[in-house]
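Before I ask anything, here is the structure I am working with.
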Amino acid sequence: MKFALNGRAHDGPATVADAVRSALGAASAAASGRGIAVAVNGEVVPRSEWHRPLRDGDAVEVLTATQGG
Amino acid sequence: MDELAIAGRRFGSRLILGTGGAANHAQLADAITASGTELVTVALRRVDPAAAGSVLDVIERCGVGVLPNTAGCRTAEQAVRTARLAREAFATDWVKLEVIGDEDSLLPDPVELLDAAETLVGEGFTVLPYTNDDPILARRLEEAGCAAVMPLAAPIGTGLGIRNPHNLALICEQAEVPVICDAGIGTASDAAQAMELGCSAVLLATAVTRAADPALMARAMREAVSAGRAARLAGRIPRRPLARASTSFEGIADL
Amino acid sequence: MDELAIAGRRFGSRLILGTGGAANHAQLADAITASGTELVTVALRRVDPAAAGSVLDVIERCGVGVLPNTAGCRTAEQAVRTARLAREAFATDWVKLEVIGDEDSLLPDPVELLDAAETLVGEGFTVLPYTNDDPILARRLEEAGCAAVMPLAAPIGTGLGIRNPHNLALICEQAEVPVICDAGIGTASDAAQAMELGCSAVLLATAVTRAADPALMARAMREAVSAGRAARLAGRIPRRPLARASTSFEGIADL
Amino acid sequence: MKFALNGRAHDGPATVADAVRSALGAASAAASGRGIAVAVNGEVVPRSEWHRPLRDGDAVEVLTATQGG
Amino acid sequence: MDELAIAGRRFGSRLILGTGGAANHAQLADAITASGTELVTVALRRVDPAAAGSVLDVIERCGVGVLPNTAGCRTAEQAVRTARLAREAFATDWVKLEVIGDEDSLLPDPVELLDAAETLVGEGFTVLPYTNDDPILARRLEEAGCAAVMPLAAPIGTGLGIRNPHNLALICEQAEVPVICDAGIGTASDAAQAMELGCSAVLLATAVTRAADPALMARAMREAVSAGRAARLAGRIPRRPLARASTSFEGIADL
Amino acid sequence: MDELAIAGRRFGSRLILGTGGAANHAQLADAITASGTELVTVALRRVDPAAAGSVLDVIERCGVGVLPNTAGCRTAEQAVRTARLAREAFATDWVKLEVIGDEDSLLPDPVELLDAAETLVGEGFTVLPYTNDDPILARRLEEAGCAAVMPLAAPIGTGLGIRNPHNLALICEQAEVPVICDAGIGTASDAAQAMELGCSAVLLATAVTRAADPALMARAMREAVSAGRAARLAGRIPRRPLARASTSFEGIADL
Amino acid sequence: MKFALNGRAHDGPATVADAVRSALGAASAAASGRGIAVAVNGEVVPRSEWHRPLRDGDAVEVLTATQGG
Amino acid sequence: MKFALNGRAHDGPATVADAVRSALGAASAAASGRGIAVAVNGEVVPRSEWHRPLRDGDAVEVLTATQGG
């Protein structure tokens, strides 16, 4: 199955947590996942539901803080 | 003690600092400290695996609060979704609500902004909307339940100062929530003037983060906001068309 | 340490306070203290047997320096004679030279002013002339040997703020002696703006002494002068006609 | 002989010091004469010369500090 | 020939005159004639049996067109209904759309205004909306199909002139329909400035009707609008911080 | 008939045109004609054998009067000698007196200017001095017998418009000779504003001669000066902080 | 039956045309009824339907041009 | 003898009129000498005195109208 992760196409079965891990890569936040929020198809997925499997065509956004005015 | 209260939360500083535009985290930390601010804004963006450290670390080290914004959103729906994600990420229901009409002027879209504000207030958010300087829209945002209104001085990043002091004064006269002058401040006297016009606080980013010496400009802004607030409370002299002697002619010598 | 030097004398404060207009000595003392000034002006008038105490006592208690003025003089001769008497009375050769053209506008008379300045410099006075905002007259006063030039923001006591920032900036660019903005300041942002334009100091009286709360306005002016100076040194952002995002659009989510 | 003291006509012989005394009256500065300057016919008379007698028609100004901008 | 075209209708004059505030019909007729306008606004009110003659007679005698307004309406529904009645009464589908947010500032309500504009455009009206100086709202009104946008210079009747030239210029740059500066004009130079900023026309009432000499001020406005338009087309010189000699120093005599 | 009178000479036009900066004689002739002026300035320079025709031919063809200036003079002596030579060359005792303090700002030197004015008045010249906007210097020039005073709006050629309307208004209130706003005008609204402030006429060169379309800008200036004059005479409405309805709410329908 | 005419209560049976006549009174416009528009309960009633009888509780507005900005 | 004409050194005997002619050269004004003024050592020399011979070291200025603000 296919899904989009932060705008990039991905393949194969995955949970939200898998997606977060792949998005974070080596990023410092990885450990804690602190300051991270996830949306699937625009809706928030709370941490408690990250075990949820993604469905074909899902658009996943993994977001964190950046400098902003 | 002359504190600022927004939605019941008290602040000793009347300066809110945007973190956008800082060259690096060290410079940002210095600016935050020099500004004396207790609240700084951040944006929400896709995680960047290559990123070296997080702006959150800086904010934590400085011991200030975080105010997420919805910068870059063009529709009420985008802004509402972004606010929900920010609540999830930062465990705060405060949001600087920004819904822009285009990417050249970055001016707020009044209709989308009001729509988003109504939705977010309904969901229990503490909404601080970045708005234009229209007194009517400001009142409608207040009526919608916003915790403050944040009219611009001038478009974001222009440094043009207060384009329309008359509107800003009208907004301050009528508002029963804090009025925070947001965007367009270029230098210290602009910030002081905003406070003299009746604003409760000033929010700025570029003026400090892109100044040649951000920490020094941050100090200037801290003093300017404090000066403008004091001048407002002190009751300035009236403007008069003709001169009035500060030295009496009485008892002048015949030389 | 960013000190002000006039004729080799150093000052930590860049605010000079005029004592005219204060309701009483107690209020004046509070304002002097709150302003952080190190130099205050006084006028010379006929002794009044009925006077209760002298402004000199206040100044002494506050531990600040005294700068006599020649307020009310209409001719170079009057001003020169007044300066000589001030030197005798206060044992200082510093003088705020004021020669006015009429009593409605209290604006300086350029010809009499320059004439008096030349004479007093010749007699060894340290001359600080109150002048209009004409860059040419300012340079001629500097060439005559004045220790500073003190262009007005607006006529005395009007509180109109800086009527012609363009001229004030020209004066600051060309002057090699300190430029002190004197007269016309109404509120804190005016004082900050004067410093941002390049002034080395601000001299004001009415704006503080006739404010509803003189001591609070004095504090506002102290902070505003400091803020304006810092902003000048910090290198403000350029004014731009169009917006510039303080938050990058890069990495924005697709919501 | 006649002289003017701070704009008022006076009579009879007097030194500058006499004039200063009469001008000061009870004024606090009296004691020290501190912060006082004297002009006769527009020219400063230093303290060291206050013993000088006034001449008929002299205009004496005895001045001190007042609040001024 | 430099004509103004609104919704395909051509005008030789770029001045639209409001009839409100005139002391009497004779004075109004003189002002209309002196102004050279081809279009004047009227309001719709309950018939007054005691009324001596109708403003329509004046307009007919002057041979100018009538533009009904929806002055005083607070909601989109009121404004839409008023527009329909105006169409019935005056046999014109043109309307100056006015939906105010409150009766102190008389400023437009952006949300109700846009709502009413969309409805009226849908019903085939030629809609000329009185709006604030927000470039985003102006664009949304244009996108809704308005035949022109009419941003204010300042609140109605204040005579404060153009409060925010920067916004007015932004609106003119982006608009593809005529921009008509409406409300807040106080004197001739204000009207000229509006045209120099890029406006296609000026609409004013109080500045003429309440002037000491309405007919003379009407003539002044006619000339000012024409002057401002010509200056815009003539390509003004750039503003420069330093002087530039209009007389060459070349060949100057050695005297 | 609202004529301008200077030293008893009557003018129907209140616009004086400087000829400096025109690209060629044809363009200059068109601008003079379009401006409606009756008086134009010229400078005195060493004859140039290579010159193709004289500006005097243009002026003669246009049938307007000539006003020689002393542009470029730095001292009273130079200016006086130049004025004498101009009288010899052009058989007129009228002179636009210009004595500049430096060549960057081209601002007048107040002391040299007054000195030259006194000398030339003594020699029977009709002196029109180009001065700064200092009300005291303006009065001293009038007292010296000048036929008019010509304060600047801004430095020559800057096009910055009226830097200090407050000073210009003070000068107009007190002067008993015509006040002619000279230098610094950039566009039509500037010229209109000068007249509204009380000036009797406007003198400009660069704004017209260096505009993209000089003849069109000349027409704009003619209309603007006339508009500003009419607006001044018509008695403008007062500026008010709050709105005032131009349409009565009385009789409004209940819809 | 009762109806409101330009904010004032009226009584008895009437057509729209009756209401217009009574509103206009002596007003110059009376003759032609030129420049007049009528709303019943907020909705326009075109001249062609002025013969229509009013219903109890109707709110009639008879409007014309006045000076306006 | 030497004299300066419009800033340039000239040689040999000459009257003011000679100097004017040499300054004007082919210039259109030549014919009439209309709109011309002459200064010798800063002082005006009226047309009636152009026959005057120049002295050694004289500075002659021959001036006319140019465009000016």
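In order of appearance the chains are A, B, C, D, E, F, G and H, and numbering begins at 1 in each one.
We adopt the following convention: a contact is a pair of C-beta atoms (placed from the backbone, for glycine too) under 8 Å apart; a residue touches a chain by one contact, two chains touch by 3 or more.
Computed from a predicted model, the values in this text were never measured in an experiment.
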Checklist entry - Which chains are in contact with both chain C and chain D? => result B
Item to check | Touch-network distance, chain B to chain H, counted in steps | outcome: 2
Checklist entry - Using the average of all C-alpha atoms in each chain as its centre, how far is it in Å between chain B and chain F? => result 45
Next on the checklist: How many angstrom lie between the centres of chain F and chain H, each centre taken as the mean Cα position?
Outcome noted: 32
Item to check | Between chain H and chain G, distance of the C-alpha-averaged centres to the nearest whole Å | outcome: 91
Checklist outcome for this item: Where chain D touches two or more other chains simultaneously, the residues are 6-7, 39, 42, 61, 63, 66-69
Checklist entry - Which residue numbers or ranges of chain C touch two or more of the other chains? => result 18, 20-21, 43-46, 48, 69, 71, 77, 81, 85, 105, 107, 156-157, 160, 166, 205-206, 241, 245-248, 251, 253, 255
Checklist entry - Mind pulling up the chain G residues that touch chain F in the complex? => result 6-7, 39, 42, 59, 61, 63, 66-69
Checklist entry - Which bits of chain B are touching chain C when the two form their complex? => result 18, 20-21, 43-46, 48, 69, 71-73, 77-78, 81-82, 85, 103-107, 155-160, 186-190, 192-193, 196, 205-207, 209-214, 216-217, 219-224, 226-231, 233-253, 255
Checklist entry - Hey, which residues of chain F end up touching chain H in the complex? => result 18-22, 28, 41-57, 66, 68-69, 71, 81, 84-86, 88-90, 156-157, 183, 205-206
Checklist entry - Where on chain E is chain H touching in the complex? => result 245-248, 251, 253-255
Item to check | Contacting residues of chain A [partner chain B, same complex] | outcome: 6-7, 23-29, 34-39, 42-44, 46-47, 61-69
